[in-house]
Amino acid sequence: MTDRVIEMRGITKTFPGVRALSDVSFDVRAGEVQALVGENGAGKSTLIKILSGVYRADEGEVRLRGETVHFSHPVESLRAGIAVIYQEFSLLPERSVAQNLFLGREPRGRFGLIDTGRMRAETRKVLDLFAIGGRIDPDRIVGTLDVATQQMVEIAKAVSHEARVIVMDEPTAALNDAECEELFATVDRLRERGAAIIYITHRMREITRLADRVTVLKDGEVAARFDGAPDPDAIVHAMVGRDIDDFYAPPARADEIGEPVLIVTGGGNASLRDIDLTVRAGEIVGLSGIQGAGRVALAMALFGQEPFERGEITLNGARSTFRSPRAAIAAGIGLLPGDRKSEGLVLMQSVRDNGMLTPRAFSSLWSSHRRTAAADIGRIDDLLDRMEIRAASYDQEIRALSGGNQQKAIVARWLSMRPKVLIFIEPTRGIDVNAKAGIYHLMRDLAREGAGIVMISSDLPEVIGAADRILVMQEGRIVAEFGRGASEQDIMHAATADMENAA
Amino acid sequence: MTGSPTASRPGTGGWSLAGINPVWPLLAALVAAIVFMNPGFAEPTGYMNFLKRAAPLAILAAGQVYVITSGGFDLSQGSLITLVVVGSSMLTDNDPAATAWVIPVMLAIGLGVGAVNGAIVCFLRVPSLIATLGTMITLNGLAFLWSGGAPRGYLPDTFRFFGRELIHDVPLVRFVPVSVIVLVVVVGALAWAMHRTNLGRMVHAIGDNPVAARLAGVPVNRVRVTAFMLSGLSAAIAGILLGGFAGVSTDVGTGYELEAITAAVLGGAQLLGGRGSVPAALGGALALTAIFTLLNFLGLPQPVRQVVQGLILIAAVALAMHRRKRTGT
Amino acid sequence: MSLAAASREPTGDGFRFDRWAPLILLGGAAAIYVAVAVATGQTQYLTLDNLIAILGRSIALGITAIGQTFVILAASIDLSVASLISATAVLASVVMDGSAAMIVPAIAAAIALGALVGLANGMIVSVLKVNPLIATLGMSLVIQGCLSAFVSNFAGSVPPAFQVFAYGQIGAVPLALVFLLSLAILAWAVLRFTKFGSDLYAVGGNEEAARFAGIKTGRVVLTAHVICSVCAAIAGLYLASRLRSGAPWIGADGVYDLESIAVVVIGGTVLAGGRGGIWGTMAGMLIFSLIDSVFNIAGVDTFAKQVLRGIIIVAAVAFYAIRSKRIVA
Amino acid sequence: QNFNDPEEFAKQQEQLQAQPNGPEGEPWLQYIGDGMVETGDLGIEAPATVCFSNAGVNNPWRVVGFTNMTEELANHQSIGEFIHVDAEGSDDKQIADIDDLLAGGNCDVMIVSPNTTAALTPAVEQACESMPVIVFDRGVNTDCPVTYVHPVGGYGFGIEGAEFIAGELDEGDNVLMLRILPGVDVLETRYSAGRRILDEAGLNVVGAEFTDGDNARTKSIVEDYLMRGDIDAVWMDAGATAVAAIEAFEDSGYEIPVFVGEDQQDFLRKWEEEGMTAIAPTYPTYQWRTAVIAAARVIEGEALPGPEWVLPQPAITEETLAEYVNPAMPPLHYAMCGCETMETYPEAWGGN
């Protein structure tokens, strides 16, 4: 099992103004899971894109089973047996599962026409390799599947290519715990079948659970290599260049928790029932639950995106149901969406414009863009500084920043509004440990300043470590509540137990 | 946040030659060619006439660039011009005193049509290409319906003042057409609103990512409707200038919407939103007018002019895409 | 789980409104037609002959719209079809010049011209990365310019043998109608059963995903443009046959560019690409024919007709667009 | 089609001078030549349904004409229903319109104002098979219609303007020719006749430009020509944009040169106010009345001029100008409408 399937030697890559990779060497063997980790912007995705032919390296060589290869297009690498599952899905929501699986290489029958029957049958076969795969109908339109199942389809697609190398770039970002377990089982199975797996993640737990070897990138260089899965602290040290002792911020002290800022009574709509919820100033409330339990729906209701149709919200003593995000923001609620690119960022605009977006939205249309009621340019720059955003300039388009830095810019946006309640949806998705710790401390700081924080996360340790109180949801209702010190088992049990037992 | 504040704050991007909008060198080259062909162009009569002729298109493009930057198209500008010209002749009914109220009414119609366009897009969720195609057809019909097919009135000289008259004895340039003053004021105001106000930044934001903008609290509909209203207003002003320049006819506006889009795109505006500049759209309009003028001076027949216009359009955008790819922005 | 996903179209595999919307609209248009005929006591308009006359009203538009469906599905668009129709009609008519022996060369020449223009459009869009709206607008100017450099009037003539295309009958059914139907079936089959069809939906739905799946996206877009332009060339041949000669203005006069786009969109194909199909387009074409006929039966004033037509286009698209939650621009 | 046909040119030159038959002072009833067609045996019952397939009302000339037509209907009891379909300037649509009218089976007589000559020929031929057809304004390439109503024609129009210019200017003087759009037979012949005469007179045609009938474009084009050199006369194939062209001279500080316009009120008024040297050839809109009269005659079984009903085509000159200027009428009203004696005049034409 020492045959190196992939060898990358001396890879260097520069983008205008950034050296993304310098002299990186990296290899993967058949039947192993090689974890690739590093801070945001360390160069992980860039390395993968060079491997798969999206980018061309400035220097260095890539070898596949000992032979030097020059992929100039991802298809070439795919044909050579390297499948990449990207951070963003590449599925077609309007097409069926089978059509997606065989996209670009549909089986042909008579007259060169597509053999739909065979395509369906082959899809069935591939899906049957996975536990939940058996439940997916090959004719189902992908857009109608939930995200975890879509993720499954993505992986099935890679498998159906009979790839010998499978790269997963943060595959669990959109999954909750149970779904993650399913994914891990799949990864195990792929490893047994002799596949070489490159696994990129920011979650230490996954490294411990899966990795045979670990490569740590820092600032575009290899900072460390480990055989086996080392102690998380060692990885963190290599990534960040120092230890992080206070990963989670300390919990709120009793005297820090104040009056209720947000109260919901009897809230309900198409996806939610009987929501009774209180968030106090100074506390962080975690929302847990399995996929589809209604956490995001609850956030959307609080934020006025999918308003409550029943019940009422009391915010700082004033009653209202918000009909739009704008109304919610005006009343003092802020929300960090879970999908940065499509819901959080205006990508072609500058970092500063992204930060100023909400302050500007709440100023007169016709007044100066440099000074608004909530913040002026100077204050936004201060907040961006405080977030330690890595950018060549705040005038730079935000799309050139790494995911974590983009997330920080959105946080800065909300900080400028001094919200009473701030809802974080998957706040650390795709964010490195250092930044994660930063976000946890930031949430705590905000709470100390008197805000109520609601955090939705699919990362159980994160909920347990960061929240003062944990609410568990199931089928659109809040079914359980835990204080600090709840175990993962407690929460999982509450999230998956039968309705009667939980109620 | 952990750690100490960073010592140095990221700097502000400087001005660089590579960053200059290609519409300006293009315009400069065209003007140089025109002056070379016809030195009279360097005289006030030459360039003032040129600016006067370019004024309606420049104003139109400055309005259109709001809609384009916000992610849409406004195909109704041309018909709106026709409606304004025909409607003004119907309403003024040869009465010089009527101008005083007819012009505000026309500006209101421009704003109103823009509001309707915006409402169709925002509330009926019809893509603007189709929505404004619909209003384009409807407004054209309305203009004919109103006039019975042939305008029934003249435009009084008071009305035509804006598009036709010159202000004499101006130092340095001898005279300035009124329409050039209108051009400077309107384009100046639109440039200010686009590049110095919250409105402009939000127009960019909703064109870039409307979902993110909405979730950030941007009043997406209000901004979008405002963009369409400014586009409508610019068409009304262009109509007043065009009616003033040459009097009433029922097809004054025909084709202007595409020229305005062309001008905006020559100025680097990105179709489908997120990027756009009013000064550059002005540059685009001037460049387009300069192309026409140059081809005219060359005495080229109409068909050749069309071909050249088509090729320049494609080449300009292809070049912009090439640059964008190379600089990675 | 993302907000976008959470607020996506109705989940499940049940009744998908947008798939049926064109048919519902068509039913509505037909009902109005019948109602107007009955209400005005003109039941003679409800005969089979009339139905066929209605179906035959928009053959050229139908053929063009089939082609337009392909480019729109690929998230592109073609504004050059009108000029191309004129050009191919003239070319065919000139090559034939009244001689039956020249029919085949003329058809070949027209199709070849169509393919060439499609190729050029496709290259400009997929290689030079020029926005398709601008690319094809530019191409339209180039074609129209070249055309009017050579002809300014009806040119050449179509021999009787070729007039069969437009005027021939198979029993009581016009040959052209049978042709249109066959073309539609062919187009449907291509979209449904071939790899190209599948690739087309993929490229329109998510270009990046298609590229990563190894689809040569540029080639797919290019092929869609060739198909679109060849359809326009066929429409040009049909019009030459119908008018017995080619005129350099027939394409522009019929507004086949904007109307074909409107037909496709009313037929439920989304401008963003990746969703829709041929039968929707056929329904859209029929809706247009029915509207025209209703106007004629009801004796609607010409100008009022235009006003209504614009409103109808917007209303028809709003009919299903309004239900979607996505923010449009 | 040959738009530069010396025979036709000569014929129309002659017709301009001919003494028309028919009642004096009612030119829409007059005719040049003496061919008549009998319609006695068609057996149509009055009141009958007349269908009108119109190319469009897409310019002021056609608007005035269509008003003439609708007002004329009131004079004829024999016409019951009048069905009007408008093709909005599209050949394809007009062919479909005629198909619709035939399929509807309602019409007793059909009037067609074709959008273009060649394209509408088959449709008109088809209509001829089931009913009497009257064609006016632009023609068709078939003699199946009962009659084709039209004034002398495009050559005549072109001749009158160009001869006037030739008479006023000296050899080598500069003439600018402005045209609205290509391809319409009656406009093409105007140009070819005008060009022939100007060339023969040794005048220098500095340019022949299409204006699309748009004022702003016209004014710009003329301004551009003025920057390049002097212009001693302007010839136009249609007068809708004449005033814009005149303004280009005024605004650039030039004398107004010799001008050819048309019988639109705004041009006539400008001519009178400025004391210009000008002429207004006409293509009289009263022919729209004649088309209806012809239809009524067919229904009533009376004889009518045919197979061509050639109407007189007078030009407005210095001497007759005062007769036609009428400030009460809209600027784009065509003076040669023959409508002054009708009951609803001037309101129906937008006058007051």
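What to note about this one:
Read from first to last, the chains carry the letters A, B, C and D; within each, the first residue is number 1.
Throughout what follows, a contact is a pair of C-beta atoms (placed from the backbone, for glycine too) under 8 Å apart; a residue touches a chain by one contact, two chains touch by 3 or more.
Chains and their UniProt names: A = Ribose transport system ATP-binding protein; B = Autoinducer 2 import system permease protein LsrD; C = Ribose transport system permease protein.
Model, not experiment: these values are computed from the prediction.
Following the contact convention of this document, B, C is the list of chains adjacent to both subunit A and subunit D.
By C-beta pair count, the most extensively touching chains are B-C. Of all chains, the one whose Cα centroid sits at the greatest distance from that of subunit D is A.
One simple way to say how far apart two chains are is to compare their mean CA positions; for subunit C and subunit D this gives 36 Å.
Centroids of subunit A and subunit C (each the mean of its C-alpha atoms) stand 43 Å apart. Look at where the CA atoms of subunit B average out and do the same for subunit C: the two points lie 30 Å apart. In subunit A, the residues touching two or more other chains are 305, 337, 342-343.
Contacts with at least two other chains are made by residues 149, 211, 214-215, 302 of subunit B. Looking at subunit C, one finds that residues 3-4, 148, 302, 305-306 touch two or more other chains.
Chain pairs recorded as touching, per the definition above, are A-B, A-C, B-C, B-D, C-D. Residues 57, 59-60, 62-64, 66, 207, 209-210, 212-216, 218-220, 223-224, 227-228, 240-241, 243-244, 247, 251, 266, 330-333, 350 of subunit D touch subunit B in their complex.
Interface of subunit A with subunit B (complex): residues 15-16, 246, 303, 305, 324-326, 329-330, 335, 337, 342-349, 353, 356-358, 360-369, 372, 381, 385-389, 391-397, 400, 413, 437-438, 441-442, 445.
Subunit B meets subunit D in the complex at residues 38, 40, 46, 49, 53, 148-154, 164, 242, 245-252, 254, 293, 296-297, 299, 302. Those residues of subunit B whose C-beta lies close enough to touch subunit A in the complex are 1-3, 5-6, 9-13, 193, 196-202, 204-205, 208-209, 211-219, 222-223, 226, 270, 274-275, 327-329. Those residues of subunit A that touch subunit C in the shared complex are 73-75, 78-79, 84, 86, 89-95, 99, 103-106, 108, 112-114, 140-141, 143-144, 146-147, 174, 291-292, 296-297, 300, 305-306, 337-339, 342-343.
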